[in-house]
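Shared chain: chain A. Partners: chain B in the first complex, chain C in the second.
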Partner chain A sequence: MATQHSRAAARLMISPAVILLFLWMAVPLGMTIYFSFLNYNLLIPSAHNFIGLQNYDFFVTDPAFVTALVNTLVLVLGVLVITTVGGVLMALLLDRPMWGQGIVRILVIAPFFVMPTVSALVWKNMFMNPVNGIFAWVFHLLGIQPFDFLAQAPLFSIIMIVSWEWLPFAALILLTALQSLDSEQIEAAEMDGASAFSRFIYITVPHLTRSITVVILIQTIFLLSIFAEIYVTTNGGPGNASTNIPFMIYSQSLLQFDVGGGSAGGIIAVILANIVAIFLMRMIGKNLEA
Partner chain B sequence: MGKISLKQVVKKFGEVEVIPPLDLEIEDGEFVVFVGPSGCGKSTLLRLIAGLEDVSDGRIEIDGKDATDLAPAERRLAMVFQSYALYPHMTVRKNIAFPLKMAGVDHAEQERRIASAAKALNLTDYLDRRPGQLSGGQRQRVAIGRAIVREPAAFLFDEPLSNLDAALRVGMRLEITELHHRLATTMIYVTHDQVEAMTMADKIVVLRAGVVEQVGSPLELYRTPQNLFVAGFIGSPKMNFVTGKDAAAHDAHTIGVRPEHVKLSKDTGHWAGTVGVSEHLGSDTFVHVETEGGLGLMTVRVDGEMDVHHGDRVFLTPEEDKIHRFDEKGQRL
Partner chain C sequence: MARRVTTRAKLTNTIIAWFVGLTIFFPILWTFLTSFKTEGDAVAIPPKFLDFHWTLENYIQVNDRSDYLLHFWNSVVISVGSTLIGLAIAIPAAWAMAFVPGKRTKDVLMWMLSTKMMPAVGVLVPIYLMFKNTGLLDTRIGLVIILTLIDLPIIVWMLFTYFKEIPGEILEAARMDGATLRSEILYVLTPMAIPGIASTFLLNVILAWNEAFWTLLLTAANAAPLTAFIASFSAPEGLFYAKLSAASTMAIAPILILGWFSQKQLVRGLTFGAVK
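After this line comes the complex of A and B, so read on.
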């Protein structure tokens, strides 16, 4: 009886927080779904009448939609590949005993603390600017025509910027995983005749899989909603070469004042995120089981 | 096959010399135990032989060939670690197969060797489990299995039994000794437990602070310890040491006599004392006697049935021909 009572009391005690969190999530979601069925444009102040799935139809048949979808996936995938592979290599380097290890580690983590807008501006103006940028200067030194990264390879440039931001995160998590590897296992593999490369493939990588899974899952959540970097650098352009779904929703609802269309886009983004999540959990979720 | 010689081997960590110049010969097929208190350099010595640490100076020869600069894998030695160091993500089968896979042994041969190792170590039913699902003793056997499939020139054991409970330890001790008789391969075994050393070894190497104090068969060390350290370290319970006029009577600075070589009597004897704690093992009883005349606490082994009680006044007499004599420096006379 006592436990039943205390359980009931516990439920009562945590209910305000749970209810608040639930409303916090459910109300905006509900309103977004509601708006997505309305003909709701800020430029048309008249009645917001119910138009069924027309907003969805409009959003999906937009010629920019497929491009945005592909861009979103390329962006996520590209950054994931660069950060996990680069992160493992970086973690291996940082795990080596070296002079000034503490300072080097802090320096490596630093990019993660720079705000996305700031780092995107730094990349845009300091590195990739075709006239004053450092890359342009290097190209000049080599006697090559400067390359206008953001105009000629916009999506690639954004992948580079985002990877630069997220590489430290991956490296840091993988470094801690690497440090928890039992050194006797490595020594045993050495005695067993495994070369440095075999030791890495057969001992280190399996040890890291769980951390790599965590890195991939966390990063995917954030990478699906990349916006600031695009907004600050290319504005989705040229054309819609660097437009992803979040940016397309933004342009729909805030540049074209179409609340209904933007809401429909938002719901599509939620569905897309769920599809990606299901795929990810199918593929790598089993690594998280003990 | 597995003759290992160390010649003037030195190991320094920075400025600290953990192993001063050391010579040691290990014959083919011998079971050699390195024993000593913790921090005496016995594990370091084993790692030097394995090649996991580089020697600072000197030579290591395996089968007469210089192995000083060979990589661990090229020395054809197999090692069983204290933590077993099994690969947690691989099944038992894959763990045992790993060294064979690395050596490029073909699949059929791999299967054959795994099967025979598993049979020898009673692991056949566990081949498809992971190390996490095994008990300590089974993990230990997997680690040994991984070592024997390579058919190495010598086995190195680094305190392999210290993570097992007392009953399993006795069992594994027998299994490892039995394995040695069956394989007749050189084995080097590191332990801090002198009972393991005495029961398993053909040859014991007693180490202290990186220095070899004495090398010999278990009974040699028991009968003729070369110095006070070996005398005190080998044998359980410890040897009793007496200094002063009793020692002077034997022309020595210190005399030592083992608990089993002291007679206890209730009426008459050489030293008088009062019984303290008695440890009854059933077959024997170890009686701790607080002696009179400043000789300190002495341990005596008596028959298990002997009736002694705390506070009894007793008399002790050492067996004259079993007394060990040592000079001021602790060397045997």
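After this line comes the complex of A and C, so read on.
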């Protein structure tokens, strides 16, 4: 039983983590909010005057913002569709009896451990390059015109690269969930004459729903802040065809030195992420009680 | 009762699964092979799969022409350093929340998780300016601080889910037998907690090693870890595929090996215990 004494000790043990995280949350975020109301450009160090919501107005009415917002949504949704559908198929495949299952699993999970800058540059140069890339060679063999992936379809190419990085994550989590499915349930259904299709729809799918939700929510958090892949491949271009919100904020604040505008963009990104976060937190919170 | 599987079905599964697995793995294999090619062979069309002149020249050149070892060392210091400091702060916190849960433990845990939801760009500007004004820009210590704070919620959560699985009855039994608090921690809890701490350590080193937002934006020549060093290949001069491949192979090999060991913990760690 917890005594008065051990409670005090527990509070003492928890406080360093809580205080640090509180400072990490409150101080920079508070500063971002403060900056977002200022006319603050690093090139004009003297002027820091209060301009109200003008930065937000400027950021949101910039046509580039709408493009970036749409790009962000397309990127997140594209990768989510590819990785969840691919992940379910892959998990079902890997769950079947076969020789060398452990090795296949190792091969499939590998891309997740590759750092984003390496994945992006390897794909960009050795696969998607219109002259020396493997795809150019395959296209040539098939008699198709070479295609400059990152110039002609930049966002699609980035979706491909990011999907390759995240497919293993979805597959591994769904496989873990699948393996916890009670095989007796399936056998019982089988004996009662349920077809393979209805076994899948009525037993496997409901069992996987929770894990699929978790996969989608966690990936969304990470996918909303994709940055490195864009930074080393297209630099947001051509034009702003592959600029997402994080990249736009980066370019606004660190390339154009517009601290105020970049901060307003940062707050918008925080609001977007929070909408997703609320759902994720509810899921995990429920699990904590169980 | 094991389900009957025909050899034929098993063979079909095996062929499809290996085909899919090798396709997904191919870019990594290709990078590995290219790292042993001459630059000429690396861009050859049709591509040379195994019949090329094998050479270690790229590994030597990458090390000679750049401070590869410095960047590698930066990655080690930043990932291991931030993980160890994170563990030092998180172990007591997770221990207390798992064994002396109070009314607000759940709220504290959820709140910690919520800090992880804050996108990095939301605080990019103030962190950048703070680093610039305090001289932390392009220093290893600066990155260790940032990554410790970013990873702290995951570390606390992972440890918490592991510690919670240690049965409380064991502690009571030890107490009945007259164990002091010190020997309780030393002889009963520590041995049971070590596997969980080890997996948390492993997963977090992997995550920190591959972190590519702050490491790209807060470093230049001195503190750049491998993520940022590899990014410098995005604006190359001349032929560079073989050298990029050699640098990449060295950058991902250690983590790939660590990662394969920690597959199971990965699921649990990244889903905050929601999928085990």
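Simple rule for what comes next: the second predicted complex is superposed on the first by the 263 of 290 C-alpha atoms of A that agree within 3 Å, B and C clash if a C-alpha of one lies under 4 Å from a C-alpha of the other, contacts with A are read in each partner's own complex, and residues count from 1 in each chain.
Following the convention adopted for this analysis, contacts are C-beta pairs under 8 Å (C-beta built on N, C-alpha and C of every residue); 3 or more make two chains touch, one makes a residue touch a chain.
This is a predicted model, so every value here is computed, not measured.
Superposition of the two structures on chain A shows chain C fitting alongside chain B with no clash. By the touch criterion defined above, A:Gly193 reaches chain B but does not reach chain C.
Of the two partner chains placed around the shared chain by superposition, chain B is the only one that A:Gln185 touches, whereas chain C remains out of contact.
When both complexes are overlaid on chain A, the residue A:His5 reaches neither chain B nor chain C. When chain B and chain C are set side by side, the one touching more residues of chain A is C. Geometry note, superposition on chain A: angle between chain B and chain C about the Cα centre of chain A is 80 degrees, to the nearest 10. In the superposition on chain A, A:His207 contacts chain B only, with no contact to chain C.
Superposition on the common chain places the nearest Cα atoms of chain B and chain C 5 Å from each other. Once the two complexes are overlaid on chain A, the chain A residues touched by chain B in the first and by chain C in the second are 187. Remark: chain B residues 50, 52, 71-73, 77-79, 81-83, 85-87, 89-90, 98-99, 102-103, 146, 150 touch chain A in the complex.
Per the touch definition, chain A reaches chain B in the complex via residues 182, 184-185, 187-195, 198, 202-203, 206-207, 209.
Those residues of chain A that touch chain C in the shared complex are 2, 6-7, 9-11, 13-14, 16-18, 20-21, 24-25, 27-29, 31-32, 35, 90, 93-94, 96-101, 103-119, 121-127, 131-132, 134, 136-137, 140, 164, 167-169, 172-173, 176-177, 180, 183, 187, 210-211, 214, 218, 221, 224-225, 227-228, 231-233, 245-246, 249-250, 253-254, 259, 262-263, 265-267, 269-270, 272-274, 276-277, 280-281, 283-285, 287-289. Chain C contributes residues 1, 3, 5, 9-10, 13-14, 16-18, 20-22, 24-25, 27-28, 30-31, 34, 43, 45-47, 89-90, 92-93, 95-97, 99-100, 102, 106, 108-110, 112-130, 149, 152-153, 156, 206, 209-210, 212-213, 216-217, 226-228, 230-231, 233-234, 240-241, 244-245, 248, 251-252, 255-256, 258-260, 263-264, 266-267, 270-276 to its touches with chain A in the complex.
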